[in-house]
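Here come two complexes built around subunit A, the first alongside subunit B, the second alongside subunit C.
Showing the complex of A and B:
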């Protein structure tokens, strides 16, 4: 056994056994963040905080939720909403949180795209982040099944049907995923398992990986400037805080994060208390009925852009387009052929690419919400869907042509 | 490290790895099987419908594997079709009541002898052929077996197989 001195206080006692002082240095006080950043750099911690809130509210919902097709709807809409003390609060926090987490994910993603934070050594940050996006999407979808309302049921029906692969007609696979011919009890219980255990565990693992991938390349800055972090850190530690280009993650950067979080949580709780209905589709307050389709099926707002890419094409082409759209963002670090790490505004054609992509995805989102019967909107949707792919095809070309900064 | 020592370690590594891989494959198979539909679910995949009480031109909606099944006894003035299920002298239209466009459930309009889908305006005639709007194919006919005046859904009888071979079921 190793030799232990008698500790003078609790911190020293813990440090002897767990090296907490080293841990604190590595993870907080000597984890360096560039100074040249703005509020958009706080989105990571905003996401972490939102995930924490989803976890806590989810734990309380789990106490009364019943994953059974006969009981699920009432356990949510009656027991949790009107019997459980403050049950409504957990539900609205969970619903609003699930919606806002995607808003922040999209902001976080487009910040990364704008500043080129996925390039030269930062590829793994981008890839693990995209892994998180996929995991959160699966988490949102599986959670949407649980209240077992009409939208839950029919979303489950349509999304699992996608796995039939159009003309491949792989209905065996669809039935295997569902554990039944249609979404039923086996489907609900397995998606419950995915929602409360397997996917959250995967998310936590991916978050750890995502943080880990940041460590060596460090966080990007507003100019994509490359500098010596060790040197900057020495300056800071020597007391030349002003001259140094960096600040420690904790407490300095974190205190800035907390300010942004403060603003964010004002919005968050405003929605929770006054506009929770935006995350609660009225159609989902009808219990699931496999013999009655709602007149218009649409996903939550954060899936609308990819849903709109599925819609305007024929069945098979739509499925292929949808599948590509789901994974194409993974390819960004490899499709961007320019070595420049700089904000899009300084990158020539890429500036237009960025804003066109953002506008296109917003357009797709709006068109996805509208019923497909209006010819004008259907055509706008089609053009936007085609533009999405044109932009991705153009990306390697325009970035190859880009002048080196 | 001695050569024989190296060989011994390699062997142990491969033996351990091999058995672990074997166990892993076994576990994967067990996991796959756990996700399969349960025997009780599969057994419930058959539904028997008694046709003797059916009224002409009145749509009955049955449930089979969770899906709505249209059963429509044709009246004398309605067109006969090779897709009809013939029991004795009566003709029936039997199909899965999901629009072949995006899976909504069409409604039957008895006066027009038509199915109309509220979602995107698709229409089918009383034999399930698409006659208007976006549906790409006729209403699908489920596997059936005629058993006296009863219809067993989920089991492929000779009449169904004939239709299937003629490409009439979907």
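Showing the complex of A and C:
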């Protein structure tokens, strides 16, 4: 047993047992962030806050939700919306949050791509971030099943069917995933479990890992500049805050994060109160009916780009393209052969690659929701899907040619 | 300044993305249907027949609606109409039962709930008025088809409609509007009503079960008549857009060609009442949202203002 002095106050008492002062230094007051940043650097904390909102609103919804195909729809649309005090608020917060979290994830991702924040020592930040993207996608899909409306049912049908592997006709695997021949009670209860337990636990673990991977390579800055953090930190601690290139996470960096969060929350709650329909598809307010296929089946907006990569090709080719599109972003740090860590605007051809990729994904997103029966839209979708792969094939070549800055 | 520029770029991309997946996509997915502001003159019916290239149908429809127009110009005699109305009351009465179709609806507020021209058309030929004549070889076989022979003189029709407009046009609640216009076919489980009306409370389980069987029997009759059980409308207000609901109620064929749902001929006022009821049941949080929204937004505006001051004080001397 270690020797303990009588503590003078609570902080000291905790410090003796938990080293809270060291912890505070390591995690906050002496966790150094570059000063040369803009508001896009706050997206990480905005995401953390949104995840917190989703978690809290989810816990409240969980108290009244009933994972049973006979009860689920009415437990959401009647019990929670009409009978539970402020149930509507929690549901709309959860629905809007689920949509906005993806908007911020995409902004966060493209910020990383633009500034080269996945390169040279920062690969694990990118990889753990992509892990979070996949986990959030699974969380979104499993959550979409729960109200058991028409879109829940048919999205469940379409997505689980993908696992038959096209010509492989692995229907046994599809049945194993569903626990039935069609999405039914076994399907709903297992996706319920995934949504409220397994995936959230995985997300929390991945968030910790994601934060951990930032520690040693440090956060990137607006110019991709490499500098000695220890030296800059000494300067800061010596009171030369103007000359130093760093700021402490708390309170300086955090004060800006909180400002950005404030602006974000104004948008968030504006949507919650006045414009929530965009996040809650009308079709899903019709109860699930296996005998009535909706005229249009489409995923939520954040999956549309990858849906459009699946759609324009033949069955097997589409599946392969879709599978590659799901994982290709993981490969970014290894396909980018340039040693430069700099904003895309200073990186020659990569500048065009970045904007083309962004525009291509937005085009794919547009086309993913439009009826494929329209020849014009189908053709635009096909071209955009092909361009997506052309860009990925071109990436190692154009980055190899890039001049060293 | 540079930060504002970056913010502008992010905002523009976000708005473009929103435009593409919401307004634009929806405009492409649903064909636009023109509303007729709850005026019933057969324009839509004739257009549909023309679009289907059914010459004789176009002729029949044109003649029918021209007759309706003529009758609407006649001056109706309320007292004479009341006498003729006795014939209607044989079916449209308290405790009416289903005689192979639906339970005949009460007409207590028919004068305000339904539009005048529609009422004229309905008495003249129910299947034609409700635009479901495609279901019948002879519109006489419509459950209410026999009215064609019972009240056939133009002046009699004008009299009955004048009577309805004068004496059966009282103020009605939103629930009454829904019950009289829609509840023959559509249950509303979130309001605890079925095709038989409000579900009573029972002391004994077996009475409750016996009532349930009565409901199922009635639903089977409606199903046999309509082809399928018409959907429960509890949250239809959130499942369909406002414009779709309005044009669909005005003319079901416009949104779902070939449907067996009849046009019910709501007046503008009648539709507003029905819509309000659908909202009260399907979207009951609307008043609470409107009450709480500004307060929450104000909180976050103040929060952001304070955050700005905090940020400014923390970053002082850093640049």
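A few comments on the model shown:
Here, the second predicted complex is superposed on the first by the 405 of 405 C-alpha atoms of A that agree within 3 Å, B and C clash if a C-alpha of one lies under 4 Å from a C-alpha of the other, contacts with A are read in each partner's own complex, and residues count from 1 in each chain.
Heads up, the rule we're going with is that a contact is a pair of C-beta atoms (placed from the backbone, for glycine too) under 8 Å apart; a residue touches a chain by one contact, two chains touch by 3 or more.
Bear in mind that the values here come from a model prediction, so they are computed numbers and not experimental data.
In the superposition on chain A, A:180 makes contact with subunit B only, not with subunit C. Using the contact criterion defined above for the overlaid structures, shared-chain residue A:315 touches subunit B, although it does not reach subunit C. Once the two complexes are overlaid on the shared chain, A:286 sits against subunit C while remaining clear of subunit B. In the superposition on chain A, A:190 makes contact with subunit B only, not with subunit C.
When the two complexes are overlaid on their common chain A, residue A:157 makes contact with subunit B while staying clear of subunit C. Put subunit B and subunit C next to each other and count what each touches on subunit A; the higher total goes to C. Judged by the touch definition given at the top, the superposed model places A:296 against both subunit B and subunit C. Once the two complexes are laid over each other on the shared chain, residue contacts for A:365 go to subunit C alone; subunit B is not touched. In the superposition on chain A, contact of A:328 is made with neither subunit B nor subunit C. Counting contacts by the rule stated earlier, residues 295-296 of subunit A appear in both its interface with subunit B and its interface with subunit C.
Subunit B makes touch with subunit A in their complex at residues 35-38, 41, 45, 61, 63, 65-68, 102-105, 118-121, 136. The touching residues of subunit C, when paired with subunit A in their complex, are 2-3, 6-7, 10, 13-14, 16-18, 20-22, 24-25, 28-29, 189-190, 231, 234-236, 238-241, 284-285, 288-290, 292-293, 296-297, 300-301, 303-304, 307-308, 310-311, 313-315, 317-319. Of all the residues in subunit A, the ones that touch subunit C in their complex are 35, 38-40, 74, 77-78, 81-82, 86, 88-89, 103, 107, 241-242, 247, 251-252, 255-256, 258-259, 261-263, 265-266, 269-270, 272-274, 277-278, 280, 282-283, 285-286, 295-296, 301, 304, 358, 362, 365-366, 369-371, 374, 377. Taken together, the subunit A residues at the contact with subunit B in this complex read 157-158, 161, 175-184, 186, 190, 290-293, 295-297, 315, 372-373.
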